[in-house]
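In the part that follows, the structures are each spelled out as structure tokens.
In the two complexes that follow, chain A is the common piece, with chain B as its partner first and chain C second.
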Partner chain A sequence: MHFRKGCMAEAGLTASALITGTAVAAIFIFLFLFALPVFTGGQGLAILSGEWSPFKGQYGILPMLAASLCVALSALAIGWPLALGLCCGIRGFLPRPLGRALLVMLRGMTAFPTVVYGFAAFFLLVPIMREALGRGSGLNWATASLVLALVILPTMALVMDAGMRQTEKSLRLTGAALGFTREQTLAHLVLPACRKSLFAAAALGFGRAVGDTLIPLMLAGNAPQWPAMASDSIRTLTAHIGLVLATDSNSAAYGSVFVAGCLLLLVNVAVQLSLRFCLKTGKTE
Partner chain B sequence: MNKPGLHLLRAAVWIAALLVPLALAALTGVLVVRGAGALDVDLFFGGVPALAAITGRIPVWDGIWPACAGTVSLLALTMLLALGPGIGCGIYLATCAPTRIKAVLGFAIDLLAGIPSIVMGLFGFTMLLLLRRTIAPQASASLLLAACCLALLVLPVLVSTTRAALEALPLRLHLTGAALGLGKWQTIRHILLPSSARGILGGVLLAAGRAAEDTAVIMLTGAVANAGLPAGITSRFEALPFSIFYRSSQYRDALELQQGFATTLVLLTLSLALLAGASKLQRTLEQRWQGTRENY
Partner chain C sequence: MVVCLTLALTVTASLSWASPLDAFKGKQGTVDIAGGTAHIPVMKEAAKRIMTANPEVRISIAGGGSGVGVQQVGEGLVHIGNTGRGLSSEEVAKYGLVSFAFAIDGVAVVINPANGIDALTAAQVKDIYAGKIANWKELGGEDRAITLYTRDEASGTREVFFKKLLAKGDIAASANVVPSNGAMKTAIAQDPGAIGYVGIGHIDSTVKAPSMDGMVPTQENAANGTYTITRKLFMNTKGEPQGVVKDFIEYIFTPEGAEIIRASGYIPVSK
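Moving on to the complex of A and B:
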């Protein structure tokens, strides 16, 4: 009786693992299948051209890809040093109670819904940006990447912190033997030793930033053009998907949505592979 | 690291430690200042008597009650769909998966965790197109479709927290099972699962938080601005995050805007409460086993 129960339970567990695996495969297969007609349907590679002007029948999504990468990289450039600063503060540069308070704040920030950031920034930061630039609507690359930096910050900081805590534990005695203060141990021993988790934090943050929809959709202005200046209004791949599907526009634009989805999937695969490469553990965050 | 480097790092620490809390305080401050005034019964029920509104006898048009009900039913349906596969897969990975499968499945879960939520919504949209072309021409965006996509989105959270909770248990407990002559499944069922239950429950709350805040998925799979109370799992619905997104661009007067701010406060409270519950549960689990783990 118990033997049979055990068999059934194991079958159940295997089945749930199978469901999960199948779901992942299904997402990839479906999106690529739906994107395929865009390439085989006469237009060829026109979808990857550099211009988006539906009235001329041109549906190139390269400007959106560029916008996605630009917003994500600039958010990373703002957010990563801040995350590193916070982590160093928590692990030794700041008084312990202050560090503990910062850690609690970071944990809390992981629960902040992105739509809340978007909403608050829409009414606080956007008017400031409009004033500061003196022209335009304040919905632009700079606004979006500032808020996005704040969105991806807790993820990055917590990954860094986990890595640093591990390394600090094993290097504390070494530091003490060298007569280092906690600050010196951190700067000279711990930071160089956990270079990999610093890189992993950047990769993870980049993945989150590329994949975020609400912040660019609400704050970046959504004009499908090549990003040139920080005050330019731009449209990311994620915002493009949301806009085209939400407005039910002409079906010719539909194809570009699936191609955009596939591009985002490919970016995700690249991020995960680089994470694998630098962490070498089979765990998610 | 040389001396200027150390100074630079120290400067970065202070800048970050001042700037980030300041930015966060400014953003939440603006929500509280402009939304706190509208946080009352009218925000939820829009002038309709509370009891009549909750039971659905009188439809609510000016309040966020339909959105709250939509979010709650969406959460319930999502967790119903995700709990089985999520926890099951987590247990499988932690206890009985062969090494090779562990590596492959672990990578698949990582990939799933990294898929942007809008792409998950797009996947739901393609499923809908497929259903329309094949077996169900009447299929439309609905609560069920949104819940399916959200379930996929939160699945990796469930899997990895369950797996971590089980793997954090001390070896002692596995040995206890063997010493009592229990089989593999009996050890899992009677010893390992009860000991890690709090951690798993914490993961469930985390997953619920993820599902409650997501906007991009439901935007493509059935959330609308005016649907009233959810009529069934095949109808469209309202949800808190979507109504916030909608209010940011489509408000008619100052009162609606103020209600938008108050709605963000409600959603923020819900998310933070779920997180607080999750971390409390996980902390008690850690405290219970951390001391004993060092000895083995």
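Moving on to the complex of A and C:
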């Protein structure tokens, strides 16, 4: 009986793994097949040029790729240290009840729909940014990054916290034996040991930031230009897909949506793979 | 006054024997509608009246923009696909679509209500959108940078603005892009330096519509031809419409349909 149960569970798991794998592969193939005519068609590699102005027949989406990377990386640069700080507070130097309350708050924050952040920021943050930066509409790279940082913060903090809690459990006695305080255990033992989950949190945060559509669509201004300054209105690949998807499906602009989707997937895969590679080489040192 | 009028209309509608809603008597079926967002108020009111008269007829209405309208009706996902622009010959050829123009909508430039400017010329708007005029000071306003707002690639409103007002002139790459008439209004109402454009039916106290080359952007002026930056609103079907879908389209062209179109801020067009 036990044997059969194990067998069935194994078969079930294999099946679901196969289905998931096939689905992911199918998405890749689908996007690639739809993007292909754009390259083989009349305009060739023009899609990867640097200017988007459909009325002039230019359909370059590279500025959007740059914008996606800029927004996601700057959101990560703001959000990741904040998440780390919060976790250190929760596991280290803050009073335990306060830490617990913060954890509850973080869990609650993951449940907020992104549109709420976008909507609130549109009325509260955008006018402040417009005046503070002194130029532009307030719908720009900086505004979108700030709000995205807030969106990815709880997910990153919870991943970090889960990692820290595990390591802390196994290292508590070691710390006590060395006569370390809670803070010292955290700084000298726990943090170096849970490097992996800190990286994992960053990768997850980046993935969410680069894939988020609503925040850039509502707050980044969507101008299809190269990002140069924090006050520049920019358009991410995700927002581009959202804006162009409703055009005439025979147009060249419509084809760019599939190329944008491909680029987005490639960026995410590249980040995840390079992170794995980094962590592996780190281990063998 | 308005209440009295509506009341009188409902009473006459329900008392008169030859109400256009009689066409739906004893019929059942569904009408799925998607596409242009400018059409929604008209579609909604018509659907409400038809479904109140005959609950057996089910009508669903979704937005999505002109592009979505064409695509969904073409793929057979909805019965009526709305567009705020004429169909391209490729679209007609690919899907075999039939178009019904039922209303005229004007497109007007809008600015923040706090902006002192009351009149603009098409030449000025062209220079503003090309990035040649970058401060309201140059137009006699206060010293404030102009922030440009435009609509997305799928927008019918954008197409009218681009062809009729900008005469296919440049739109600076730095212009902010918003995805709907509503989003445009919200953005303009928030930003004291803003300039954008919306369908005339969407103009209210949150934004200000300056006169354009001396033409005042109102629905009346769009109807009598004194305001020329206009477009038509279309319903499109795959092949000739049948059954309740046909009845729905015919209802839009009745005097009652015309009244709904006027109440939604557009000018009715006869079939």
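In this section, the second predicted complex is superposed on the first by the 243 of 285 C-alpha atoms of A that agree within 3 Å, B and C clash if a C-alpha of one lies under 4 Å from a C-alpha of the other, contacts with A are read in each partner's own complex, and residues count from 1 in each chain.
One rule holds in what follows: a contact is a pair of C-beta atoms (placed from the backbone, for glycine too) under 8 Å apart; a residue touches a chain by one contact, two chains touch by 3 or more.
Note that the structure is a prediction, hence the values are computed from the model and not measured.
Contact with both chain B and chain C is seen for A:123 once the two complexes are overlaid on the shared chain. Of the two partner chains placed around the shared chain by superposition, chain C is the only one that A:224 touches, whereas chain B remains out of contact.
When the two structures are aligned on the shared chain, A:53 is found in touch with chain C, with no touch to chain B. Once chain A of one complex is fitted onto chain A of the other, the partner contacts of A:139 are limited to chain C, with no touch recorded for chain B. With both structures placed on the common chain, the touch criterion links A:242 to chain B and to chain C. After overlaying the two complexes on the shared chain, residue contacts for A:253 are found with chain C alone; chain B is out of touch. Comparing chain B with chain C, more residues of chain A are touched by B. Residue contacts after overlaying the shared chain place A:232 against chain C, while chain B stays out of touching range.
By the document's definition of touching, of the two partners only chain B reaches A:94; chain C does not. Common to the chain B-facing and chain C-facing surfaces of chain A are residues 122-123, 242, 245-246.
Residues 64-68, 70-71, 88, 90-91, 94, 145, 147, 149, 152-154, 162, 168, 171, 173-179, 186-187, 190-191, 193-194 of chain C are the ones that touch chain A when the two sit in their complex. Within the complex formed with chain C, the chain A residues making contact are 51-55, 122-123, 126-127, 130, 135-139, 217, 221-225, 232-233, 235, 242-250, 253-254. If you check the complex, the residues on chain A that touch chain B are 2-3, 5-6, 9-10, 12-17, 19-21, 23-27, 30-31, 34, 81-86, 88-89, 93-94, 98, 102, 105, 107-124, 150, 153, 183, 187-188, 191-192, 207, 210-214, 218, 238, 241-242, 245-246, 257-258, 261, 264-265, 268-269, 271-272, 275-276, 282-285. Those residues of chain B that touch chain A in the complex are listed here as 1, 5-6, 9-10, 12-17, 19-21, 23-24, 26-28, 30-31, 34, 84-89, 91-93, 95-97, 101-123, 125-127, 129-130, 152, 155-156, 159-160, 163-164, 183-186, 188-189, 209, 212-216, 219-220, 241, 244-245, 247-248, 260-261, 264, 267-268, 271-272, 274-275, 279.
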